[in-house]
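In what follows, chain A forms one complex with chain B and a second complex with chain C.
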Partner chain A sequence: MVANPILYIALPLFTAFLVPLLAKLWKPLVRIVPGLVLAYLAIMSVVLMQQVSPEKPIIAMIAGWKAPWGINLVFTSFSGFIASLISILAFFIWLYSFGFKKVEFDDAQKYFILFMLLTAGSIGVVLTGDIFNMFVFIEITSLSAYALTAFYKGRDGAEAAFKFLLIGSFSSIMLLLGIAILYTYTGTLNMAHLALLMPQVPMHAKITSFLLFFVALGIEAEMFPLNGWAPDAYSQAPGPIAASFAGILAKAGIYALIRVSYTIFDLGDHGGFELLLVMGLITMVVSELVAMRQENLRRMLAYSSMGQMGLIMIAFGLGTKEGIYAGLFIMFNHAVIKSLLFLASAYLVYYTSRKKISDLDGFGKLLPLTSLLFGLGAFAIVGLPPFSGFWSKLSLLIATANSHMEFVLATVLAVSVIEIIYYFRVLGRLYFRKAHKEIKVRKPTWNSVVTMIVLALVIIAVGVHPDFITGLLHNAATDLADKADYIQKIIPDLFSQTLN
Partner chain B sequence: MNSLIILLFILGGGALLSYFAFLSKHAFGQAVVWLVAIASPVYFFTQVAVGESFSFSLGGFELALGFNHYSWVFALLIMVLSPLSLIYSTGYMKSRLRLGTFYFSFIFSIFGMMGILMSRDLVSLFIFWEIMTWASYLLVIYRGKDVEHTGIKYMIFSAVGAYSMFMAIVILNREMHSFDIATVIQNFGNMNAADQWLTGILLLIGFAVKSAVMPLHVWAPGAYTNTPTSFTAVFSGGLSKMGVYGIGLVLLNLYSHSDFSQVGIYLAWLGAITAVMATFRAVFQNDAKKLLAYSSVAQLGYIVAGIGLGTELSVFAGIYLAILHGAFKGTLFMAVGAVERQAGTTDMTKISGLIKNMPWTFFAALVAIIALAGIPPVGGFVGKWMLYEAAINSEHMFLVILIFISSTAAFLYSFRFLFGLFLGQQEEETAHIKEAPAVMVVPMILLSLFLVLMGTFPGIIFKPIAAGMAELGFQGVPWHMSVLYNMWGDSVNLTYVSITFGTVFLLGLVYITLIARKGTKHKLSTKDIHTAGEIPKPEDNLNYSLDFYKPFERVLSPLLKHKLDVYYNEFGKGLEALFNFMRRIYTGNGQTYALYVVVFLVALILLSGRIFGI
Partner chain C sequence: MNQILTYSVYGSAILVMLIGIYAVLTKKNLIKIVIGLSIMDSGFNLLLVALGYIKGGTAPIFSPAVAGKDVLMVDPVPQALVLTAIVIGFGVTAVALSLVIRLYRKHNTIKIDEIKTLKW
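Up next is the complex of A and B:
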């Protein structure tokens, strides 16, 4: 098969624009073709992940221009892992939403176009080796995310999308400013080249630019206090989109934040990592405490999601290889588990307009399988063995302890107790309350059942036998930790010149 | 294949299989439960032995399984108690709903307990610990009663305990570069004092939660009461002993070789205070199951006191009492469960005189109560003897007084329990009650016979305990099959004691059945009373169990007024206020959020000198 990183972006983008034309031919094609494309990308991810290793990244040049002059896509063990995660997850979210809006054809068409754009943009952010290109992809992702937030016509959706747009435009401006500052001093936009030239940039410009990046990407990565948009967007978007916000959008955001702090800037050891760690800690504590008091299920999951993002920032903020490994593990788990939770919750609150937790009473009997899968997700996300969440929590705690950060360790664990409380409260309602009278229940379709079961099986499989993915995670961590290697692999000539 | 793995496979696979079997057909499920209940102990006693080990690598961690002599003692208890309770369950849980979930959680928690005992490294210990915790949580909330309160409370305390353990484990790993328990024990003394103190205390908190030591006990009475009674037998009898097991490890293997060997004494104090407070609470309960729940907390207090004292005899007594408590509290909960099932309630003010209806249950309960109260010829006497002797020897006289008070007060609730449920006048309302089915009675009787055996020949359990003591640093503990020695040089041969007591008991039985039978023939009822001019209304509860110890309660009520629960609840309320305050950060107003972004950026730029150190 043709396996090239460029296809990750070209195929979904092309499909997105092709969908309206396909609709003229035969309406079901609107649903089928995106799935075929995503399936191809998912298989391609498996193929490419087998080829790639920390020593041998796959680099694709666009239009034959060599870096740093041309735009390149870099599929390394690290970026490739995230890109594969996103594309495989996107395929399953497509499978889940295959029958979405069966009756209203226009809505379905919009949905699939926007979903393909979201996927293409997110993978683009992860794979690109060019900072301006990253900005463009972030814009593509954000624009489709705004539109998807406002998908259900109504006041709430529009309001949520507007907030998202407002904060998102701050992000774009700051990102552009940050890029402009770097370009002024280095004259390049290639990430590897930027990293190489970074020592020449004056300190004040470097710090200003870094902080602009930090805030702009912090918005995308749901960092406190920049995450005001997230709860509204998560709760107003359609169910599968909420899952892709957690599994795809937020992953691209945190990837960008990490790439910028680890590879491009050299401020990590001079306070950059500490900043990330502290902000991660605050994000986690605030989000989990707020999640505790939510009455709306989707908002609760959204705050919990933000809490997990905080956990990821803590892991990467440790700045050690163990920390990176733990962070990647949490990213993986969060993508899989939170998607399962969002997908299952979409059916649990299907007919209730306010999506309240108190409306869930007795659903364990009404929707046994969906409730069971939701429960499994809840067990996994709070880190109970033998589910996958446990191993990521274990690796994070080991990394934290090894960095001699007892306070962070204690805080993470204390917050975990809170997490257990609010998730188990929902489970208590699902299983141990009598159902309200005359409640309408939406039975899950077969394709969404398959999706949720596959995600659940992944959670159990990794939980029982984590070695399924630890190898990939180790490679990815090794890859991200070695910055010089990244530069050397992409611009070997310039790198050796600088050395000499 | 390794026998340890097969044992875990029987339990873990049995748990899953029972869940799916109950989904298809009730009889299948029942068959699977029986199969597990028979296969696991048979396999355990015939194939598994100390010294077998199994190591493997998982997720980058080197994990190892294998019993040592110390954990073997507890494994014996679990593998006797749990299968009997499982068999008892098949009678007790008949025609209940969601049996699949029930048996899955039941067997899975046994799986967790056996896993804990065979873990040779801290990671697998923690994994099994968590599995045991959530499986037992599912059983605490199984009846759907009070899920928000009791269930969450159990989970919070368990989580706090488990996570403090978790923190200790990763810190130990940082210092030792290993999770291996033997390595940790060996190198513990080489760590700096602060880390020794911190990790030991954190581990102790983790284990003390499960063994319900004050002030971490508040979950226990509620959780024990809410669990289906057939699991309470394992919960109070076996699961709580995991905490005892861990406390023994920390105090005797880690702390005794460090500067913190005095910690044990404080823990012994906490245990003794727990025992006294819980005993008094047990005395005033009207519900038999709640009474046993408080009594469990009290008994665990003794056991912890014994292990905390840290002398050879006291640790021996502690472990012996732990095993014994598993057996008699298991029997008692089973008896209460039988009453609950047959009479529909465990409220002692509503039922009485069940001895004629349920003689076998009464017999089992009687033997277990004798064990609890520490009267020969049943094993409790031996344990109490040793604990008293150890406490007196330790020169903590006030501790001795506490232990004496609580064990004397234990007679009060023992008597009340026995009298309230089984003795006294029989009411017409309870005349129709029949003896529980054989699947429930036989496990009870077997356990009570085991108790008698332990009283007469305590040596059968002394032997493994003495071997286990060697792992804790007490080499060559002397023991004898049926003779007790004390520090004053006396010896008591328990065979004679048992024969004497047994003869007296038999003679009494003969006397009652043959000669004194007539005296009991006259039927009395509580309704049949002569009042001083005031005629009781039909709705008046005239059961003599009502306000059983009223004068005593009046004396003690100021002491019992303060419940620790209240403080925790206040603390929780305070936290909720904090959460509500936090929630207001998210105003829902887009402009505010935009302001946050700008303010945050400005703040970062202003602070950049600080952050980046220029």
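Up next is the complex of A and C:
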């Protein structure tokens, strides 16, 4: 089988533009072909992850130009892990949405085009080794996200999407300004080369451009107070898209934020990590407190998702290898568990117009399997054993304790209690209330049941036997922590020149 | 004199950006907000082209006329970036305008303060 990082971007992009032509041949192809492509990418991820190691990253040149002149794609243990996570999750979200609601043919066509663009863009952000190229992929991702938010004409999607677009435009301008500042001082756009030349950049320029990057990428990574778009976008977008915002879009955003703060800038010891830690802490506390007051199930899940992003920022803000490991573990869990929660909740609130939690009384009997899977997701996300969420939270607590941040540790534990309260409030309604009379429920289709069960099995499997992924996480953490190695692997000539 | 000229080039680019930001933040009309976004983009593009300028440089095109001669050229990278940024800006503006059309059909208004189904 042909396995090359370039295919991650080329195949979904090509498919996205092929879909309208396929529709002319045979209409069901519009739904089938994206799935085949995503399945190929998912299998390719498994193949590539076996080849890659921290010593041997896979580097693909585009158009035959060597770095730092050309654009290169870098599949390391770290970026490869996130790219694989995104592509495998994208396949399952396709499987779920394959028969999700009998939408009109035109709408299905648009849906799959935009979904393929979202996937291609997000994987591009993760794999690219060029900072301007990253900007382009972020824009591809955001543009398709705006359009997907406004997908349903009946809801208030357009309003949420416009809000998202306004914030996103500011983000892109700030990102470009940050890139322009770096370019004037170093004359390069390659990330490894930028990291190599970073000591030459004067401190004031470095801090200005770091802050511009931080704010711009913080918007994508749902950092407080820049995450005003998220609850609206999550609640107005179609169910599987809300899942992919949590599992794909936010993952690409946080990856970019981490790549910029760890690899490109050397401000980690000058307050860069502390900034990440403090912002993560604020994000987590505020989002979880707001989540507790939500009456709309989707909005509650959205705020909980932001809380998890805060947790990830805290983990990476510790700046230790243990912290990176914990952060990656939470990223993995958040992608899997939050997707399961969003996918299950889409059926729970299917016929309720206002998606309220109080409409869910007695659904445990009406939709036994979906409720059970939702409950399993809720148990996992608050970090109860024997589910995977327990191990990620535990590794974060150990990492904070080893960095002697008792205050952070106490806050994380206190916030976990809040999380338990609002998730169990939903579960209480599902199982311990009498159902309203004559309530309409939608039975899940077979493909969505398969998707949700697979995600649930992953949660249980990793919970019972975490060694399934700890090896991958360790490799990824080692890879991210060693910055000099990253530079050396990508631009060996320039790196040795600087040493001499 | 030269210094003033240099700064006025950068300054005017930043001024255009500020005008755009002003429009986005203060205008109530959705179309005007989209125009503001577009002006903001243009300001940034001007700034980037100005950054790549080298005094007395010609267009960065490698042709037989300049081959082997010692000719100063302006930096081609910012120009390539601006081309990309223009295309992206165009895409964003198009999506924004289509969203405005959708909002107008639903709410029969393009005043931002009259559309508050979701909390702004």
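Going forward, the second predicted complex is superposed on the first by the 495 of 500 C-alpha atoms of A that agree within 3 Å, B and C clash if a C-alpha of one lies under 4 Å from a C-alpha of the other, contacts with A are read in each partner's own complex, and residues count from 1 in each chain.
By our rule, a residue touches a chain if its C-beta (ideal position, glycine included) is under 8 Å from a C-beta of that chain, and two chains touch if they have at least 3 such contacts.
The structure presented is a predicted model; accordingly, all values stated were derived computationally and were not measured.
So, does A:420 touch the first partner chain B, the second partner chain C, both, or neither?
first
Which partner chains sit in contact with A:409 here, chain B, chain C, both or neither? Use first/second/both/neither.
In the superposition, A:409 contacts chain B only.
So in the superposed three-chain picture, is A:232 touching just chain B, just chain C, both, or none of them (first/second/both/neither)?
Both partners, chain B and chain C.
Tell me which partner A:215 touches in the superposition: chain B (first), chain C (second), both or neither.
The answer is first: A:215 touches chain B but not chain C.
Of chain B and chain C, which one contacts the greater number of residues in chain A?
Higher number of touched chain A residues: B.
After the superposition on A, what does A:132 contact: first (chain B), second (chain C), both or neither?
second
Mind working out whether A:163 is in touch with chain B, chain C, both or neither, as first, second, both or neither?
both
Once the shared chain is lined up, is A:183 touching chain B (first), chain C (second), both, or neither of them?
second
Just to be sure I follow: which residues of chain A are touched by chain B in one complex and then by chain C in the other one?
159, 162-163, 166, 170, 232
List the residues on chain A that touch chain C in their complex, please.
Residues of chain A touching chain C: 132, 136, 139, 143, 146-147, 150, 153, 156, 158-163, 165-166, 168-170, 172-173, 176-177, 179-180, 183-184, 189, 232, 236.
In their shared complex, at which residues does chain A touch chain B?
159, 162-163, 166-167, 170, 174, 203, 207-208, 211-212, 214-215, 219, 225-226, 228-229, 231-232, 267, 270-272, 274-275, 286, 289-290, 292-294, 379, 384-386, 390-391, 394, 397-398, 400-402, 404, 406, 409-410, 413-414, 416-417, 420-421, 424-425, 428, 431-433, 465-467, 470
Across the complex, what residues on chain C touch chain A?
17, 24, 30, 33, 37, 40-41, 44, 47-48, 51, 77-78, 81, 84-85, 88, 91-92, 95-96, 99-100, 102-103, 106, 115, 117-118, 120
Hey, which residues of chain B end up touching chain A in the complex?
Touching chain A from chain B are residues 57-60, 123, 126-127, 130-131, 134, 137, 141, 144, 147-148, 151-152, 155-156, 159-160, 163-164, 166-167, 170-171, 173-174, 198, 576, 578-580, 582-583, 585-586, 588, 590-594, 596-601, 604-605, 608, 611-614.
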